[in-house]
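Across the two complexes that follow, subunit A remains constant while its partner is subunit B and subsequently subunit C.
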Partner chain A sequence: MPDALLVVEKLEAGYPGQRILLGVDFVVRRGEAVVLLGANGSGKSTALNAISGFVRPTAGRILLDGRDIVGQPPHRAFAAGVVQVSQARDLFPDLSVEDNLRLGASRRPDADMPALLAGVYRDFPVLAGRRAQRVRTMSGGEQQMVAIARALMGEPKILLLDEPSGGLAPRFVREIAAIVARLKAAGTTMLIVEQNIKLALEIADRFLVLKSGLVAERGDVTRATSQEAIVRSIYL
Partner chain B sequence: MLAQLLVSGFAQGCLYALVALAMTVVYRATTVVNFGHGDLVMAGAFCVYVLVVLAGADFFLSAALAVVLLFALGWAIQAGLIRPILAGPHLSLAMMAIAVGYALRGGARVLWGREVLPFPKVFPQGIIKLGPVILSPSDLIVAGVVAATLAVLAFVFLATPVGKTAQAVFQSPRGAALVGIDVGAFHRTMWGIGAAMAALGGILIAPITLLYPDMAASTLIRGFAAMTLGGFGSLPGAVLGGLLLGVGELLVGAYVSTKLIDITAYLIIILVLLLRPSGLLGRPAVVRV
Partner chain C sequence: MTGTAGSGTDRASFAASGRVFWLLPLALLGLPLVIGSYVQYIVNLTLVYVLVGVGFNVVLGNLGQLAFANAAFFGIGAYATGTLMYHLKAPFPLALCAGALAGGLAGALVALPALRGIRAFYLAIMTLAFGELMRWIYINADAVTLGSMGMQVPRPTLFGYVLVTDVDKYYVFLAVVTLLVAATANLLRSRVGRAFTAIRDNELAAASIGIPTARYMVLAFAWSGVVVGTAGALYAALVRHVSPEAFNLLELILHFGIVMVGGLASLAGSILGAAVLTAAPEMFRDLPGYEELLIAILMVAVLLLMPKGLASLLARASPLFRQRYFRD
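Up next, the complex of A and B:
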């Protein structure tokens, strides 16, 4: 597949005494947003963590731009271009917004820091006015914006978003959806785990349903895509 | 007499400050208080003893070699013993640090028994008179080393990206990994630097305390007390805590009872933890988001 950016082949991964992924295959093409759906415990976050290096796969391959990154530790996966926004956000709570953002690009030796910051503040104007604010004092939605903005500072080839709307008030869910839509329009390649199926289908080009450690269903998101059918595929 | 007590206490406190500074570096970068640090101080001093007295090497070359060897030892302790249990409870990390310290102490006892050995004379002898106050050249050298170490650490942690990296790793190791920081390598390096500083402390302390395998016990508790008093994680706090402890010990000894000198550090730990847990210059404990 010539435009494939991320190729996951027969991926097996899990935790001691618990096999979660039993041979997952999928592809993410350049510039598209793919959403991973599935019930709790189906392995969605494990798949993201295996790609970003936080979980060591036991078998399979993960090719990014043709280069196998399977089993690489997180800092090497980052160097290869995989940048993740984790479910817990994992921000630096006692540092300012700008320090968090700068750290996002601190391991990109060729990064043009002023240009990156200007770009992020343009895309997230609410952060521009709060650049000196300590992150711990911000709301959950604002922290999620910092987390996404920090990831963008790392100039990802592929952005992994783990439940970007998780635990947020409806107002912020709409805002995060708008941000993801803007990123998609700008050509950012994304692999997204999302529990909110309505939101997922709004923002994704394609969907994958994980079930019992395997991809049970996959398809393009079109106007005809039925939310009910996907829910049935996940839970029945 | 008061002036002499203050100056001598200051000199004594510089040694405690050096120990506290090294423990603070490891704590700031890894959130681990190295309760085995005192034994690394002892190991550094014994390294120099072996090289100078037994192998006949030059003192300064030996001191430099001891610092490098201890860096490697600290690096190896983190890589081999701390890293595998890093995801476990903090208590396990503390117990491992204590166990490593006792293992080093046990090794020294096997080789040298409980004998008290003279350390090579490295500081110029004699006294320096400043009015009614008498100082030894070693006091000035130790104070100079502590000031230089603090200046270097302050520069590195406040004026270079290392400082922000350390804060990031301290506040969220996973977050640090998410932005591409090699957290493991950073931890190993900081343990190495902490152990190298322990060697430096050993080289400065041993000429005063003399050399024996158990010399670490009092060193550790005083370093820990200095850290507590100054505030965990604060570099200036470590120095301030060390100096106040050094002066406090002598004042208590002179005006209350010499029998209390050895327990001053413990009293300080109790009082600070009760009255001001964040210490003089530390920040209140953070709650992670």
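Up next, the complex of A and C:
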């Protein structure tokens, strides 16, 4: 596939004594947003963690821009261009918004910090007014914005978002959906895990359903069968 | 983690606080003129323990990793220096560098399990085992260490000049300590130091922004080993007798005391902690039987009244100091 950015082939991964992914195959093309759906424990987060290096796969290949990054530790995956926003957001709560953002680019020696910060503040105007605020004192939705903004400071080739709407108030869910839509419009390639199916189908180009460690269904969101059919394929 | 210096005014005051650092060793140059020989010895010992505290604080305070190998690094530095001077008649500067290097290598070795994902209490227990293993080696490798009797270290010499008095040693110690404290301060302010702090604050977050966390852990332990190993080398030159009981668990408790009383992740705290805990036993020496009790009360009082250590007193007094040398 010529425009494929991320190619996952026969990926197997899990935890000691527990195999989660049993041979997952999928492709994410440059500039598209793909959403991973599935019931709890189906391996969605494990797939993201295997790509970002937090979980070591036992078999399979992960090609980013044609380069195999399977089994690379997180800092090498980051250097290759994979940046993940985890469910826990993994921020530095006692640092200010701006310090968190700067840290996002700290491993990019050639990064143009002022330009990156200006770009992020343009995309996240809420953060521009709160650059000196300690992250600990922000709401969950605002922290999620900081986490996504920090990931963008790392200039990712592909952005992995693990449940970006998880635990957020409806107002912030809408806000996160708008942010993801803006990122998509700007050409950011994204692989998203999302439990909120309505939101997932709103923000993604394509969907994959993981079931029993394999991709059970995949499709184009615009041509998708009904939301109800997807829910059936996840749970039944 | 220290914030980023933003405005020009911030930068200027930050640079000014750096210049303040150099005033202390300059002021200390005249100290031998006003103190007697016994106090001079205590001051020299304090300088040794300043390095012990500064080195230990890198791992304990800045990296946030509980570790028990500090007394081992101290002993390795002392034994490496003592062995070279005793067996090979090596000059002191060479033996000092060997002590620092041996401490650094030991630090890296102790932290190697971190590369395999060993962390927190598991790594701490491994460092404890390493410390006890080293004590076993000091006692049983008698061909080199002269066993439990220990070894008499020859008088240190510096470029042919024999350091006979404690005043002679003082100036050498002051120069070495100033150099290493300044180097550690610079390291902690650099990208490397910020990586240590990021790992301490949230290791997963650090990894997710591309920091090779295990490698930085090894580096922190190695630098800690260099600093504490140098302290061991100075100790060997000062006391001139190196034996296994000088590096036991009680010694380790003293090292913890220095860091905790001074203040975690505070360089100035390490200096204050070393000064207080080296001077206190001497102050209470005239009260036999109560000495340990009084020191324990002093430690508990400091930790109860100043949970962030003695450094918090200075931080309260001076914003300049707070910005550069203190962690909220």
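The rule we apply is simple: the second predicted complex is superposed on the first by the 233 of 236 C-alpha atoms of A that agree within 3 Å, B and C clash if a C-alpha of one lies under 4 Å from a C-alpha of the other, contacts with A are read in each partner's own complex, and residues count from 1 in each chain.
Methods note: a contact is a pair of C-beta atoms (placed from the backbone, for glycine too) under 8 Å apart; a residue touches a chain by one contact, two chains touch by 3 or more.
In this text, all values refer to a predicted model and were calculated from it rather than measured experimentally.
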| query | Would subunit B and subunit C fit next to each other on subunit A once aligned, or clash? | reply | clash
| query | A:Glu98 contacts which: subunit B (first), subunit C (second), both, neither? | reply | second
| task | With the two complexes superposed on chain A, say which partner A:Arg136 touches: subunit B (first), subunit C (second), both, or neither. | result | first
| message | Looking at A:Arg107 after the superposition, I want to know if it touches subunit B, subunit C, both of them or none. Which is it: first, second, both, neither? | response | both
| said: Per the contact definition in the header, classify A:Lys184: touching subunit B only (first), subunit C only (second), both, or neither. | reply: neither
| query | Touch check for A:Ser86: first (subunit B), second (subunit C), both, or neither? | reply | both
| query | Which of the two partners, first being subunit B and second being subunit C, lies in contact with A:Pro74: first, second, both, or neither? | reply | both
| After lining up the shared chain so the two structures overlap, which partner does A:Phe54 touch, if you call subunit B first and subunit C second: first, second, both or neither? | both
| message | On the A-aligned overlay, A:Arg206 touches which partner chain: subunit B = first, subunit C = second, or both, or neither? | response | neither
| task | Could you pull out which residues of subunit A sit against subunit B in one structure and against subunit C in the other? | result | 52, 54, 73-75, 78-79, 83-86, 88, 90-95, 99, 102-104, 106-108, 150, 154
| request: Show which residues of subunit B lie in contact with subunit A when the two form their complex. | output: 161, 164-165, 167-168, 171-172, 174-184, 286-289
| Once bound in the complex, which stretches of subunit A touch subunit B? | 52-54, 73-75, 78-79, 83-86, 88-95, 99, 102-104, 106-108, 135-136, 143, 150-151, 154
| query | If you look only at subunit A, which of its residues touch subunit C in the complex? | reply | 52, 54, 73-75, 78-79, 83-86, 88, 90-96, 98-99, 102-104, 106-108, 150, 154
| subunit A touches which residues of subunit C in the complex? | 1, 3-4, 191, 194-195, 198, 201-202, 204-205, 207-214, 328
